[in-house]
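Chain nomenclature is as follows: A, B, C, D, E and F, assigned in order of appearance, with residue numbering initiated at 1 for each chain independently.
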Amino acid sequence: MPLSARNRIEGVVKGIEKGGVASTVKVEITKPAIITSMITREAAEDLDLKEGDEVEAVIKASEVMVSKD
Amino acid sequence: MPLSARNRIEGVVKGIEKGGVASTVKVEITKPAIITSMITREAAEDLDLKEGDEVEAVIKASEVMVSKD
Amino acid sequence: MPLSARNRIEGVVKGIEKGGVASTVKVEITKPAIITSMITREAAEDLDLKEGDEVEAVIKASEVMVSKD
Amino acid sequence: MPLSARNRIEGVVKGIEKGGVASTVKVEITKPAIITSMITREAAEDLDLKEGDEVEAVIKASEVMVSKD
Amino acid sequence: MPLSARNRIEGVVKGIEKGGVASTVKVEITKPAIITSMITREAAEDLDLKEGDEVEAVIKASEVMVSKD
Amino acid sequence: MPLSARNRIEGVVKGIEKGGVASTVKVEITKPAIITSMITREAAEDLDLKEGDEVEAVIKASEVMVSKD
């Protein structure tokens, strides 16, 4: 079922750690991917982002979901 | 300045689109990376996640920040 | 005190689980509600969303707050 | 493809509004549902949450995704 | 109505900008406050966080709600 | 490395609590700051936000990152 979330990055689980009610999962990316980010226009202008810039996509672990067949 | 955010994925900007106050940025990943996810323990168990599983890391665009030198 | 968050869905607590520093809460919806979503324009167009479509609102548990009188 | 996101609430699209790069979607819930929330243990204790409590699940619109077949 | 969200920081609106469907609001903090953060245990240990450390609380604008009487 | 995240609030760590895989950190703000929020245009209009309004910036703990030199 197609999902509005722009980012689906294929990978392989490399580790899982379980706490009382939370859990962390490590996924190794195995396929090239494009990441889509939505930020404020102000941020894009402050960073003077333009095509070809070397950047990092930064994501808090609690914002990453996992999907598995 | 080191940041608690677990995920910093290197890439190159492939496109930017600007709206009134928001902006979308496309970043092509250029380097292998490990993505860390924090989900509920219940979700990890429902999906029966284990090492070696083929999965997708799914991320809403509005949760992705961009960092640039 | 009115809050910008668009979604306030009335329900009853059906279960709570406590971990070391996190906690999960199950809330059974008891009243019809409209859910507002903000996604990228690109996602709305890729899914070809239009009035009358049957859809699912998908939300990561860590994005849901609880309010109680 | 099963997703770690705990909340998938069925509904019907009641309206869409498109901006430059963002979009808002209104979804009317058409089926009873249980919403799972992950909050801090401290918050659960401050609110003294327990089974049977009448509460609201509060969600920022930008945290809601949409899925459509 | 008390809310599980740990952070309620008092301030005064210094500016608003409206786009098609999104809007940005600038709030000047007018009162001392404690900010609560939930991160992975791994992040807390990697940063070797301890009482007395000088740090920054970093928050994406799209994660900040506004409440007004 | 400059980051798109609009909010970097300086403070001092006042306490840390560690669970199995998550951790909470308390940061006391030590410097005046402006907080930027991105909400829906509808929310800004419903709250009738305007310059000079006394408001609260409300943030879920799981949305706050920590940065340390």
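One rule holds for everything that comes next: a residue touches a chain if its C-beta (ideal position, glycine included) is under 8 Å from a C-beta of that chain, and two chains touch if they have at least 3 such contacts.
This one's a predicted model, so the numbers in the text were calculated from it and none came from an experiment.
*Asks:* Chains touching chain A and chain E alike, please list them.
*Replies:* B, C, D, F
*Asks:* To the nearest 5 degrees, please report the angle of the rotation taking chain B's Cα atoms onto chain C.
*Replies:* 180
*Asks:* Comparing the two chain pairs, does A-C have more C-beta contacts than C-D, or is it the other way round?
*Replies:* Pair with more contacting C-beta pairs, C-D versus A-C: C-D.
*Asks:* State, to the nearest whole Å, the distance from the C-alpha centre of chain B to the C-alpha centre of chain F.
*Replies:* Here the centre of chain F sits 20 Å away from the centre of chain B.
*Asks:* Residues of chain C touching 2+ other chains?
*Replies:* As it turns out, chain C has residues touching two or more other chains at 1-6, 18-24, 36-44, 47, 56, 58, 60-63, 65-69.
*Asks:* So how do the chains connect up here, line, ring, star, complete, or something else (other)?
*Replies:* Topology of touching chains reads as complete, every chain touching all others.
*Asks:* Under the stated contact criterion, what part of chain D meets chain C in this complex?
*Replies:* Of all residues in chain D, those touching chain C are 3-16, 18-29, 32-44, 47-69.
*Asks:* Contact residues on chain C for chain A in the complex?
*Replies:* Chain C reaches chain A through residues 17-20, 22-24, 37, 39-40, 42-44, 46-47, 56, 58, 60, 62.
*Asks:* Considering the complex alone, what residue numbers of chain B touch chain F?
*Replies:* Per the touch definition, chain B meets chain F at residues 1-5, 21-22, 38, 65-69.
*Asks:* Tell me, which parts of chain B touch chain C in their complex?
*Replies:* Going by the criterion above, the answer is residues 19, 24, 38-43, 60-62.
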